[in-house]
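There's a structure below that I have some questions on.
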Amino acid sequence: MSTVEYVTRDLSVNYGKVAAVHGLSFEVPAGGALGIVGHNGAGKSSTLLALAGAVASEGTVRGHPCRSSARMDPGTRAGTARAGRPDEGISLALVPEREKVFGLLSVHENLLAVNAAPRPGMVGIDDVYGFFPRLAERRDTIAGNLSGGEQQMLAIGAALLQQPDILLADEPTLGLAVPVIEMVCERLAHIRRALGLTLIVALAETSWVSRLADRAFVLDCGERISGYIDASDGMREQLERYLSGESRDPSPAGAHPLRSVADPRSNGEAAHA
Amino acid sequence: MRTVLSRPLSTAGPHPPAGEARPPSRGAAQGDRAGRRETGALARRLAIGLAAIAAVGLLPTQGLYWLALGNQSAIAAISAMGLTVLVGTAGLLSLGQAAFLAIGGFTAALLVIHMGFGFLGAMAAGGVVAGLAGALVAAATARTVGIYLAVGTLALQYVVEIVLSDVEVQLTSGMGFQMPVAQVLGVELTSEEDWWYFLCLMTFLVWFVLRAIVRGQPGRTWVCMKENATVAGSLGIPVRRARMAAFALSSLVAGAVGVVHGFYMGTVQITNYSLHLSIVYLTIAVLGRLGSIGGAIWAAAVITVLPQALNGFMRALGFDLIAFGAGLEDVVLGLILAMILLEAPRRLWARIRPGRPA
Amino acid sequence: MNVSLLVSILASASVYAALATAVVLVYRANRVLVFHLAELGVLASYLMVTLSGEAGWSLPASFLAALAVALAVSVLVHVLVDHWGRPFGHFVGTVLTIAVGGILMGLIGMIWSGRTVRMILAEGRTDVFGEPISTNTLVVMGLCCLATVAVHLVVNRSRLGISMRAVANSASLARHRGIQVSRVLLVVWLLSGALGTIAGIGMASLSAVAMEGAVIGVSAIVAAILGGLTSLGGAIIGSILLAFGEQMVIVYVDPRYSQVVPILVLFTILVIRPSGLSGRTESVVRV
Amino acid sequence: MISTRRFAAAAVLIGAAIPAMTCARAAEPYRIGYLVDASGPMQGIFKTGLDGFKLYMDQVNAAGGIHGRPVAIDVRDVQIDPGKSASSAQELASNGAIAIAGLSLSSTHMPVYNAMARLKVPVITGFPVNLSVILPPKPKAGVYGVGAVVEILGSVAGKMARQTSPEGKRFACTVFESPGGIIACDHAVAAAKAAGFSSAEKILFPVTQRDFRPIAEKIAQSNPDVLLTIFGRGRTLTFFPAIAEAGYRGKILSAETGTGDDELREAAKAAPGIDIYSYSRYVSGGQGEGPQVEALEKAAHQAGIPEVLAFHSGGWIMGAVIADALTRCEQPCDPVRLDAALANTRIDGGGLTREPIVFTPTDHFGPSSYELYHYDRARDQVVSTGHVEKASSQLQ
């Protein structure tokens, strides 16, 4: 396994006075798959947006959203990255939560409407049709008329065309039927193996975490409240415990010094400049 | 305090980014600042009141020309106040305000010349008919919002212009209705000075009534309707009726002032009420900070005096102005409208004094 | 219904189609209804007639110069509406174009002070089904149709067109897909400026280079709304219907009501079907 | 609420304008206010009239002015906006103007008359269009006209139409939609029927109409023998080619309310196969002969004006009327005394028009005469046919 890791260090996202994500740090090995689990409003989407460098204009991002360990100075594991933006060399593609496809364009046009910098070993439209044969059949239908699963496949296909090093998927299982979710998980695993793709997936409930990610952690109110939980039989129970608030790890290394562990509610107040 | 202008013109636009919560209020520090702001507002209101009374008294001494300008800005102020209620409070953009003035003016002309109505009677009748027309327009365009409504009122402006010019051609073979001298409670309004005192009184009354309405229950329903019509509907606000009331009130005011305008000019003819006039009234309403009824008064004064001041200034510089002036006025008017819309003054002001958050 | 009337209707329809396509193009991209295109066309026609007349330039050269100025103005309007105006919503953008229209008319008034000049693109007559039609009308019709079809092809066929339609569909998703939204919007404004110029010059040579030429701006918006404001095909259908209705009223009813036709049709459409004839249901809030 | 800072800023703006406005009071010349459409749709007609007026007044000032005092002309561009006309007239009157001259489209006349009646300042409306309020028996006080009263303009057209087409049956009149235009067309239609035309119709179009192709189709279909056009400048240029293309081959009689010989020639060249006549109260382009004609030609030549049009002649005559009234005005001359002087004016047209200009207390217009011209395609010249139609100010 290559030792290159993608590191997120002390990330925080603010919309005006409201802190959506606060002092978040985590790593994901290249080619690995990391799950971010948390309730609605925990800051999952804001984290993915910050990683992709696509936070809305009103939001401000601080810290290092995504740095490649290969380029960092080995000693201090910090580097000359631009604050608030992912490193230059890393390409990230986001599969959004709600608005996934251009509903008024056909499937093929959706795939054409991707503007990506050319890279060696390019993923072409034919490769996407290879990964998702169903899309090849429905090539000329208007994306708005596709089923939920097909739209999800199309969204993933369009993300792949951006030649990503890391694929960010925001709630890929939301609103899909169980057999469709099975198919999406199987396809994602196949694609990761074929392209050596790193995957970060945000999920609100725990039933499919083990199928999609090698390990996961729990996010609550913009902060990380658990260490890494590896994909195993007991993964679901552990995650449920964190989600229900039963247990809570003191925030791991790199937590924000000012904030006292005991009272998570005070983060918005004290931190505001 | 959130500036009113940045919200009113946008209809059911995108909601603020998800997750924005109201910041918790701060304890004692805010209390005394509110107190200070309260007395500050009182002092300001007093100063403006005094300035207004001084203006009413002083202007006649400035000579006829300034009186005429004062009268014209008073007429513009009253119709702009009506428009401010419609566009600022209720968020319904109308490009047809001049059409309602025309409806009021022509109604009065017909009643005065053919039925012998008096000035006040004609003014009431003109206002009511225009108000009904406004309610009808609101009912007809009920299913439209935002830009479609604007284009709908533009349609009204054209239709009224065509129909009323037909009426004018048939009845007066195009010369317009020659209005008799206006008589208010026995007093004949012949000289500019008489008109000045009457118009100031009317401006104050309309300002007072509109302000009471906007601050009262109708005003609140309109603001809810402006923020989000669907939510307002779900809260039990009769949106369709509130919308018709807003249109009716605004066009009632426009109709009444249309009659006054007809008597003041001595002639009622369709060319007095052009689309250009509607856009000028919109500029006045926007310049006067939509939502603040009083704003329309001083904004009307500025927009009426500005072209003359501009011409006088250019003439003082010795420019040959004959073919140059009219174009310059349009450019300046357009620039003012654009600057206010982009809140350039406020943003510029904030940049000059970085202390205060923009 | 003789040939010359039919040609006259088609010529007007082609001018309206060019302008309505520009209106739809901008509206789809950023929900802003543009009111300044006709004034831009009048400015371009005055520039062209001045250059080709007094300055003695050739017609194509003066056309390109006028086009360049119009495109520069379009870039300014793009910055004004899409960058400075963005926080205030698309509604303020629309009123901004009204202000820009006023400014353009003021400038034209100051420079050319309302002169009326005739500008003919091509002299002489050609026979169409046996009836002599002035070549100028045919040239204008050809020019406008060519421009409209070219824009339609760009939007529906080319990659640039697809990213334009993507931005029109959802600007935020387009950003996720790596599309430079503001560059696409700039192209949209440039195309609409070019169409406005060609339509303005076309109508000016059909009738006359005059400040009153700006009145076709409202007709173009009416044609665009007839077509549903979101579909390019609808804009063409709307333009043909409008030109046909207007000229029939002039010839068979009374010329004074020619300006009423587009407005009355629009009024009824707005009341019955606010989203216009074709096109997807616009996000009209049911009140 | 209004913030005091913003209100103060507005007050400063108004304050700055006051000094600029009142500086003219001290000067000693006779001040004549002049309203003109210099940048609107009718600019070709009214601005040319102003040029003619200035030519005359420059000549008067060069010769030492009137009673030793120069005549100053304060010009305001009011386009065709009634509101602006009235307010500009008030501004000029309050700046010391003892008379208002010129005025633009007929729809702006009544507001100016009403505003000036309040201030008892006389108004002299220029060529071409005047409303019938100045005709006897009871003309409006303080209002005079040297142009062409639309009723008379129309009825003369009927007779001229018979002159151009002795056996014509169908007559049509087309004009833009303004008070003056509509009244003129009505009277033309009536006079044409009286002169023996079996059918006569009126076709109106909006003031802003510039695309005449459909209207030309409509007229070509009804195919009148004589078509009277009462247009402003610029419309003839686009109407004639359109009607030619629509296949009309009859006669066009252009009322001299706005064409001017130069534009008539250019339009005629673009409309082959149509016989074009025009008629006007004032001669243009060196047609007539007389002292005033030469003086105007010479002054225009010096001022670099390429061709003298009927509007120059109209403006020149208005200058003569006002200068004559100022000379006879009881000193010190003020608006009321000037009005008294104007009320008994008699000056010779000097060749610019056949009938003298006569104003009396009961007739503020006087007799007028109209000459018929024909466009001679061979010599590319608008030539007089010698036929003159005299019209008294008593409406039949």
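Going by the order they are written in, the chains are A, B, C and D; count residues from 1 in each one.
What we mean here is this: contacts are C-beta pairs under 8 Å (C-beta built on N, C-alpha and C of every residue); 3 or more make two chains touch, one makes a residue touch a chain.
Keep in mind the model is a prediction, meaning the values are calculated, not measured.
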### Summary
Hop count on the shortest chain-contact route linking chain A and chain D comes to 2
### Task
Have a look at B-D versus C-D and report the one with more C-beta pairs in contact.
B-D
### Query
Per-chain C-alpha centres versus the global one: which chain is nearest?
C
### Query
Between chain B and chain D, what is the separation of their C-alpha centroids in Å?
37
### Query
What whole-number Å value describes the gap between the mean CA coordinates of chain A and chain C?
45
### Message
Could you work out how far the Cα centre of chain A sits from that of chain B, in whole Å?
### Response
53
### Summary
Expected list for chain C, residues touching two or more other chains, is 109-110, 113-114, 256, 259
### Overlap residues in chain B, where contacts from two or more other chains coincide
323-324, 326-327
### Query
Out of chain D, which residues touch more than one other chain, so two or more?
38-40, 43, 79, 177
#### Entry: Of chain C, residues touching chain B in the complex
33, 80, 84-85, 87-92, 94-96, 98-103, 105-111, 113-114, 218, 221-222, 225, 256-257, 259-260, 263-264, 266-267, 270-271, 274, 284-287
### Query
Mind pulling up the chain D residues that touch chain C in the complex?
38-41, 43-44, 79, 177, 203-206, 208-215, 217-218, 221, 233-235, 237-238, 241, 245-247, 266, 270
### Summary
chain B partner, complex, touching residues on chain D are 1-4, 7, 10-11, 13-14, 16-18, 20-23, 36, 38-40, 43, 47, 50, 75, 77, 79-83, 86-87, 90-91, 93-95, 106-108, 110-111, 114-115, 118-119, 131, 177-183, 186
### Task
Can you check the complex and tell me which residues of chain C touch chain A?
159, 162-163, 165-166, 168-170, 172-180, 280
### Summary
Per the touch rule, the chain C residues reaching chain D in their complex are 2, 4-5, 8, 11-12, 109-110, 113-116, 118, 125, 132-134, 137, 203, 206-208, 210-213, 215, 246-247, 250-252, 254-256, 258-259
